[in-house]
Every structure is written in structure tokens, then in C-alpha cells.
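Per-chain residue numbering starts at 1, and chain names A, B and C are given in the order in which the chains are listed.
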Amino acid sequence: MLKKLLLAGAMSLAVTGVAAACDFENTVPVKSLSAGFEAWKAVTDAMAECGDFEAELDQEFRTKQPAAFAANPSLYQIGGVANGTMVPLLNEGTIRPLDDLVEKYGQNLTPNQLIKIDGQVMAIAMMVNAQHLMYREDIFNDLGISVPTTYDEVLEAAAKIKEAGIVEYPIGGTFKTGWNLGEEFINMYLGMGGQFFADDNTPTIDNEQGVATLDMLKKLTAFMDPEYLVSDSTYVQQQFQQGKIAMANLWASRAGAMDDPNESQVVGKVKMAGAPKAAERAASTLWWDGIVIAKNASDEEAEAAFRVAMNGMTPAMVEANNDVAVWLIQGYEPGPLAVGVVETAQAGALPYPASSQMGLMHTALGNGVADYLTGAKDAETTLKDIAAAYTTSAKEAGLIQ
Amino acid sequence: MKYKTFAAFVGPSIFLMLLFIAAPLVSVFMQSFYVTQPIFETVEVETCTPGFPTQTCVTETKTQPVLGDDGRVVTAVRYVGLESYRNVLEPERALAALSALNFNALLTIDFWKALRFTLTFTLVTLPLVIGVGLAIAIAVNNASRLIRGPIIFVSLLPFIITPVIGALSIRWLFIGDGIMTAFLEWWLNQDIAMFAQGWTIELLMMFYRVWHVAPFAFVVFYAGLQTVNQDTLESAVIDGASRWERLRFVIIPHLMPLIIFISLIHLMDSYRVFEEIVGFSSQAYRISLQWLTYDLLTPDDSGNRSISRASASAMLTMVGIIVLLVPLLRRTWRDHRGGRL
Amino acid sequence: MSLPRSMQQPTALRLTSAGFLTFWCLLAAFPIFWIAVMSFKDPIDAFSSNPVSVIFGPETVATGRGLSIVSIVVGIAFLWYTVHLALNTLPRLIRDMTPPHLMIAGWIIGPLVFAILFLIVFLGILPPVLSAVNAVLGPLGKPILGLTTEHYQAVWVENEFYENFINSLIVTAGVVLVSLTVGTLAGYGLARSGSSLAFWILIIALVFRALPHSVLVAGYLPPFINSAEILKPILGEAAPTLYGKPWAVIAVLVSINQPFTIWMLRSFFQNIPNDLDEAARVDGCTHFQAFRWVIMPVMWPGVITTGLFSFLLAYNDYLVCSLLLDAQNQTMVPAIAGYFNRETTTTDQVEAVAAAVSIIAPLFLLIMIFQRQIVSGLTAGAVKG
């Protein structure tokens, strides 16, 4: 045991020795606050090579980030954000434009990485993520089903698989009440071509597309594990790995786990495809993750922070962590696992429409949709109640007068 | 004891409670009558995000807050009176549902749904915790001295382990094809999904709470049993009292103050049930009052939180707890009066 | 036993009572036992729906990691002996070896030394010795029970869980010490003052105890983060940012726990006869002197019991620590929630289970050692309610 411990210690030392690949010696204290998933771990580990850097991967970052960036001086110089979590920082003006820094230190960045608001670079994206179709190729081949491209085909395929009785439940879904279920509704509703708001921010979900969306979600649940309202992406991923489901609309960042021999009993059998289309377009939304730099920091700190961040997003880092995410960084080799995201984007999926209103709507949907799926309310009442819940919060937030 | 000495003894404790409990409480109370809103403006914004093969740029009108000269969002504080309370209670819908005697409609309103669950949860688990705790205490007290130590040790385990971990460990036994569900399916010979409908989750949550708290009741009652007056017991035996009568007329009255103590603690703790909702992810079917407050306070992706409604809901929760505690508090008051006379 | 005949129990009652106790013990221990078993298996075994494969871990054995019969027997014997030592010898040793005024230090250092010794022998010495023995034994030495400690290694070595452990120790020790110091003073004052003010303080404390924590905690965050700006006019440049500081969290947890502490301690002090300090006061002591020289020596059972409850609260806290501490100072319980919230793989989950078991283990030891004190402390005090 002790020997193993020592060995482990020596190994980690050796790794540090080799990968010390930062292009400058950082002497300004820099701290970052971000979510805690694998890609952030990889990027912040690479940033740490520059020295004098502390990374905080925190599951409460949504709560902490706006407050910590509003403090003067800001408690963190680098923030890890996504479409949605950038909104409060942008609204409160606590992050700075990065154009001059990009010009100075951003030689390695691709144009696709620059998140621009009104022409100003406000964030640097590092990866994209989207929910797309994953399916068991072996089952589909055995039953002679072609890969579904629309949701009607998904239902047909599911019915065939159920009839054949090969797996317990044909479809897996991240339908856990709250954020996950809200996201499912948003994906499907945008796929149906729906609009969430009128110009004065009042809700417009109480319409045909809304009903069609609820209807489709309910049809899908008929083929799912009856405990779908508690299943999040980890649970669906596990169901896949244990061979209990045949297809699911799952996050691209989960794709790698299907082929992990330590966990999965279906290595090599799960294939990726674009998200199926609903009435109008692919029923999925595109997400990006990236970094922002605090406004309430000195220019010197901001410069150091940006250089440190750039050293986290290098081709070398991507090479070492190629299958962790669908990277936007140079040097990424899109493998078979990235197919799903690209196909989804090409099928017209929209970027997640992040805004203050959308945040409120997402919450209202996440808490409200379940009532229709459990049969407590009919579709019209459900939509009306969700719209009412949204209106109450939007009025309280001052978005609707 | 002189007032000054008393103040010196109690001072530090009072200071801490005032600073960290009373002050936030007052601010919560105030916030429930006000809303703080940013001043918004509507602007055209072009946003470019990653796409394949090239970026997608969208121009749309956005409602965004106005920044002041100091770089902070300009906000306006507005007195709204009881509006936040109305938003939580939704009295019109509630009354309409009540007058139509349609309880299902009443239970589609978050607050009433949460209140229904919280009250059921509290009132069902209370007798169970006391009963199970008492039963274990009496059984252990009757067991031979040799095995008492290990039994007390094992019995205390559910109480000491971290609540989050305890709830998860029970959840793992039941979720999906967890081994307990598999066992039940084999035993009852039918397909069971414990997390697919409300009442099974509710049962599981109550089971977890009793499992977690009964050991505390047990150890308190067990300590109480050690001080039962043996002479009284023996004279009861001589009077020919049966075992049941001895329990009923000697032991339970002796333990009465403890039963009240446990009830008090349990009422307070279970009225703010929260860990179970998160641990068993029961939000789709069952929510509790504290969860409602917590949910309103948790910022969404865009950083919105409904502080005013959360404050109102918190104050309503508090009122509920005080109402539940009044009978027990009145008894304490009488004891206090009696003690002084 | 010299019980009178009528006090002895009929057989049927004994059987029922024994059956009930057995059932309860199974119910109490099983979930904990089960997660402990899961934490030693490969992910595939750990989340298997067949209980037999969870216990024996075929996938884990297949990769050559497991225990032979000999190892199991030796391991169980060793554990049994440890429990025996912890329950009987250790408390006696501590009582005999430490001078009375250092009792608390003795009770802290004793169990710590014991735990470290146990870990060294159990993890450091036993495995190499047993693997040498197994190699000689042939078929008896073949692994039959899948077991791997790799998740514990991942948690403690790679993910540096020991830092969270140390943070937990700091927060917990701080909460127990401060809470008891402030609480005993207040409890004594309240017990000895019959005034209505004392009564109302107790009632308000009770209402405070009933408050939902999430309400309070969310209110702390903005002032904690901006405290440097807020306190600048008072403290100047030295104004600290409270967010992320363990001592700030200690203050919060102590305050939240204060109502329960003063209620408990008050009832203990009420059971210490008033004559005791009255006599001291007649001899010319002030209230504080009476407290220091007369009450303190006899209050330990109550203080230890109350201290244990403070310990549990601080050690098990999730809400306060997760929101008010940054990653560098994070305690163990919020840290494992991180395993679930990030993009978790099944391996992460088993690691989280291993971390959970690591969190429970010290509590085990604590209860083993203090079990008698809890019962005797409650017997001494809480009977009055």
C-alpha cells in the first residue's frame, strides 16, 4: 500500500515535469470559478501549469458567480460560463470586453471560439455540447430499423423494439423534474417551431405547438422506464451502459462513457446521430462553455488571467483529452463521438436562447411539465399554469410591467 | 441572580443568535413586503455563438437592465404590501377550488401541495418515531446486559450518519432495479417502480425519516428508563398490575416529559423537511414548504431569484411551525409559572 | 439475576422482544453495510441488480482483485479485536492516563491516536503480510470475494480528499469548542435565573431553532462576499472577506446550533442542585467563581453529550458549508456532492460511495467510544425535558 502511494506520488510528479508547457511564468495571483465537469478539470489543470493559479470547480457556481464577480475587487478573475450563466454577468456588467487581449494573446483562437455581443468579444468558448441521438447499432441492425431522423420515426422504432422485447425499455430520457425536464420541453418546442415570448416578454407557449410538444413528450414516456421523472443524464447513461435501453437523446459529453470498458457492458455498440427532427427542425439546442474575465480586476490581473486561460486551451491539452468533449480548440480531432453534435447543428438546431426571461421560463417549465406527464392536468391547463407561473416571476423581476 | 451577571453569562450566546438568526430573519420579513427590480431597457443585440461550420449570429431585441454611472445595475425598490403573499398563496384559485370542494385542484397550487405533504409527513412520522423509539428502548432495556452495548451502537447508526448519505443509501436500494426493488418484485411477483408514482415515494420518505430519527428517540427514552423508580414498579407488581398496566401507568407517565421533548424536536425538524425531497428527487410528485422556499431562492441559469416570494413563503412556513408548537409551548409556560411559585 | 419472579419475562415476550431487536438492528445497519460493500467493487458489480454479484463481485474477482478465505478470517478477527479495544480498553486507558483537568484533550487525542494506529495496521501492515501468506497457501489463498480499494485511493490520493478531511476537522472542532463555551455560560445563566426574561429568551430560541435553514443561509451570501467593502469604514484595510473563511462558517454554525445547545445545557444545569453554588456564594465566591470551581467539575457528562450533538451538526452540515466556503476550504459533505453534480460517470459514483463511507467511518469510531457517555449524559440531564 505504502509503496503504491509512493509510486502514485512519483508518477504525478513525473507528469507535472513533462507537461509543464506554459509559455510564460505567471506571478500575478489568478483564481477561477467554474462548473466541475471533466472538461473544466482538464482545462484548469492545464492552466495551473502557469503557476500562481487556483481553480475552483464548484457545484454552487451558479449561485456564487454573479455575487463574487460583482464584488470589488472581484473574488475571481476567470469565470467559467455557458450560454445561460453568462447572462447575469453580462446584465450586471461585471465582465470585460476581450478584443484587445484577443489581439495580443489570442493567436491560437479560431473565429468560432469568439463569443461576440454587438461586435465585442465577451467570452472565449472552448467546447460545444448538445443533446443528440445515441442508439444501439446492434439492435437496430438486428431488427432492420434505420436510424430515425424524425420523432415519428423514433416512436415507430421504439414500438418495434418493444415488440421484439430485446431491452427492458426502448427509450431513455433525461426527464428529471426541474432543469432537465425544462430543457426537454424547450428542445422539443423549438423543434416544433414554437416561440416563447411576445415582444413585451409575455409568454406565448399556450398554443398548438405547445400542445404538440407536450403530446410528443408524453408519447415518448410510454416507452421509458416508469421512473423517468427522477432520471437525470447520469442515470440514463447508466441505463445505456447496462444495456437496458436502446436509444436516448443524450448529451454529447456523455458519449465517451459508452465505450469505457470499466463501466459499460455495451462497448462499441452505441452509435451517435443527430437529434431527430420535430415538425420544424432538429429538436435540440446548442450549448457552449467558455471563459470570461472579470471587469472588477486590474488590467494587469486581467492580462495575466487571460494569458493563463489561453494556456489552458492549447492543442496539447486537447490532444491529451480528445474524447472528453467536443472541443472548439485547435488540434481537436472530431472522432465518431462528435458526429452527433455536428449533424444536430446541420439539421438546424438553434443555440439555446439564453436570456433573463428564458431563465424564468425554463424554471416554470421544469416545475410545471410533470403535471401533464403524470396526468394531473390536461395539456391546455398545464400550459396555462406554466404561463401564469412565468408571468408571476417575470412581474416580480420587473420584466413585465 | 443579578441582571448584570445574567447578561454577562447569556450575552455571547444572545449576540450570536441576534447577529446570525434574528438579523437575517428581520431582513426576510422586510423583503416579503418589498420587491427590488432593475430598471430595464429594450435594445437590439447581435449575438454570435459557435456553429458548424461557421458561427451563427442572431440579432434580436433584448430586455436588459440599465447600468448606472458606478457600473452597477440601477434598481428600484417598491413596496408591494401583501402581493408576494398573494402570489404564494394564490387565494382566488384556492378559494375557487375549496368552494367547489375540488381538493385535487387545490393541490395543483404549489403552496397548498407543499403544505399538504409537509403536514402529512410531520403528523404521520411523529407517532411512528415515538412508538418505534419507545419499543426499541423497552426491548433493549429488557435485553441482557451483555448484548446491550452492541445493540445500542448499531441502533445509533442511522441517527449519526450524514443525512444526505443516509437518504442516498436508501435511494440506491430502491431506484430502478435496486436490490430492494428486485427483492420486492420477486416476493410479490409483479413489476414495481418505487419512483414512478407519488405515494410510493412518500412512503419511502417517511420510512427514511423514521429510520433516521427513531434512534434519537430511542436513546433518550432509554436514558429515561434508567431512572424509573424501581420501588414504584415493585409496588405496582405487588398490587397485581400486569406488564401492560405497568407500562401504561408507571413507565409512560415517567417518560412523559421526554415524549414531549422528542415531539417538540420532531415537529420542528420534520416541518422543515428538505433533505428527503432532494435525496429522493421527489419534486415531480411531492414538495415540501422548505423546498418551495429553497427553489424560489435558487438562481436559475440567468441568475434570477424570486427573493420576495421566497421571503413570503419562509414567513408562512414560520407561522405554520409556531401554530404547531403553541400547545407544547403553553405547557412549558405553565411549567415555568408553576416552577416559580 | 435476583429479580423477583413476577418481574421475570415470559418466554413468548422474550422471543418477541429478541425478534424485534434483531429485525431493527438489521434494518438499522443494512443500508450502511450495503454502501460499504458497494464501495469496494468495480462499477459494474456495484450497481448490479443481483445482490449476490454485489457481494461477491465476479467482475472484480475476474480482474484478480479480491480476498481469500484466510484474509477474510484474519480481517474479521482483527476488526473484532479493534471494536473490543475501542469499547472497553480505550475509554479506561483515557480515564486512567489523563489528569482530570485535561479530560477533554484526552478524549480528543486518545481516539485520534487509536484511529491512526488502526489505519496503519489495517491498511499498511496487514495487506502485504496477508498477500505473502496467500501466495504460500495455494487454493486456500485464492481470491473468492471481490474487493478493490482503488476507489478509496482515487478519492484520498488523486482527489486529495484529505484536504477536505482536514477542513472538516477544523470546522467541526471550532464549532464544538465555541458552541460549548458560549452555550455552557448561557445555559448556566438561564438555569439559575428564574426571571421571565430568561423564559422568553428560551422561547424565542426555540422559535429560532424551528426556522428553515435555507432561508437564513441564502441571506448570508451577499454580505459575506461583500464584507470587505461593508466593513471597510469600521476596520479599514484589514477588513476581511468573510466568504470562504472557515471561522466565519464556524460562527454561523455555532449560532444556528445555539438554541438547541442552550436548551440541552440548561436542563443539565437545572439538575445540578442549586445548593452547590449557593454554598460557594455564601463562602464569598462570585457567580463566575462558583461556576468555575463548583459547577465545571461536575458538568462534564452533560457537556460531552451536548458536544456530541454539536459535533454531528457541524460534521454533517451541507447547506451552510457548500454555500459559504470556497473549494480550498471545503468540508467533506459538500465535497462529495460535487461527485454527483458534475458530469458523473458510474466510476465517479462508486468513488462518491467510497467517499461517503470515508465520511461515516470517523462517526463510527466516535459512537463506539462515546456511546456510554451519551446514555449516561442523557440520563443525568434530559429526563426533565
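Assume a residue touches a chain if its C-beta (ideal position, glycine included) is under 8 Å from a C-beta of that chain, and two chains touch if they have at least 3 such contacts.
Since we're looking at a predicted model, the values are computed, not measured.
Two chains share more touching C-beta pairs than any other pair, namely B-C. Each chain gets a centre from its C-alpha atoms; the one nearest the centre of all protein C-alpha atoms is B. If each chain is reduced to the centroid of its CA atoms, subunit A and subunit C end up 37 Å from each other.
Inter-chain spacing, taken between the CA centroids of subunit B and subunit C, is 22 Å. For this pair, subunit A with subunit B, the centres built from the Cα atoms lie 32 Å apart. Residue positions of subunit B with contacts to 2 or more other chains are 176. The set of subunit A residues that touch two or more partner chains comprises 63, 70.
Shown for subunit C are the residues in touch with two or more other chains, namely 337.
For subunit C in complex with subunit A, the residues that touch the partner chain are 42-44, 47, 123-124, 127-128, 153, 157-158, 221-222, 225-226, 228-229, 241, 243-244, 322-323, 326-328, 334, 337-338, 340-347, 349.
Residues of subunit B that touch subunit C in their complex: 1, 5-6, 8-10, 12-14, 16-17, 19-22, 24-25, 27-28, 132, 135-136, 138-140, 142-143, 149, 151-158, 160-166, 168-170, 172-173, 176-179, 182-183, 211, 215, 219-220, 222-224, 226-227, 233-234, 237, 243, 257-258, 260-261, 264, 268, 271-272, 274, 289-290, 293-294, 297, 310-311, 314, 317-318, 321-322, 325, 329, 332-333, 336, 339-340.
Chain contact summary for the complex, subunit A toward subunit C: residues 1-2, 4-5, 8, 35-38, 54-60, 63-64, 67-68, 70-72, 75, 233-234, 237-238, 241-242, 251, 253-254, 257, 260, 262-263, 265. By the touch criterion given at the top, residues 35, 37-40, 45-52, 54-58, 61-65, 67, 71-73, 76, 84, 87, 104, 108, 110, 175-176, 193-198, 280-285, 295, 298-304, 306, 308-309 of subunit B touch subunit A in their complex.
Residue ranges on subunit A touching subunit B, taken from their complex, read 62-63, 66, 70, 82-85, 87-88, 90-93, 111-119, 125, 128, 176-179, 181, 199, 201, 225-230, 235, 239, 286, 288, 295, 328, 341-342, 345-346, 351, 354-360, 362-363, 367, 370-371, 373-374, 376-377, 385, 392-393, 396-399.
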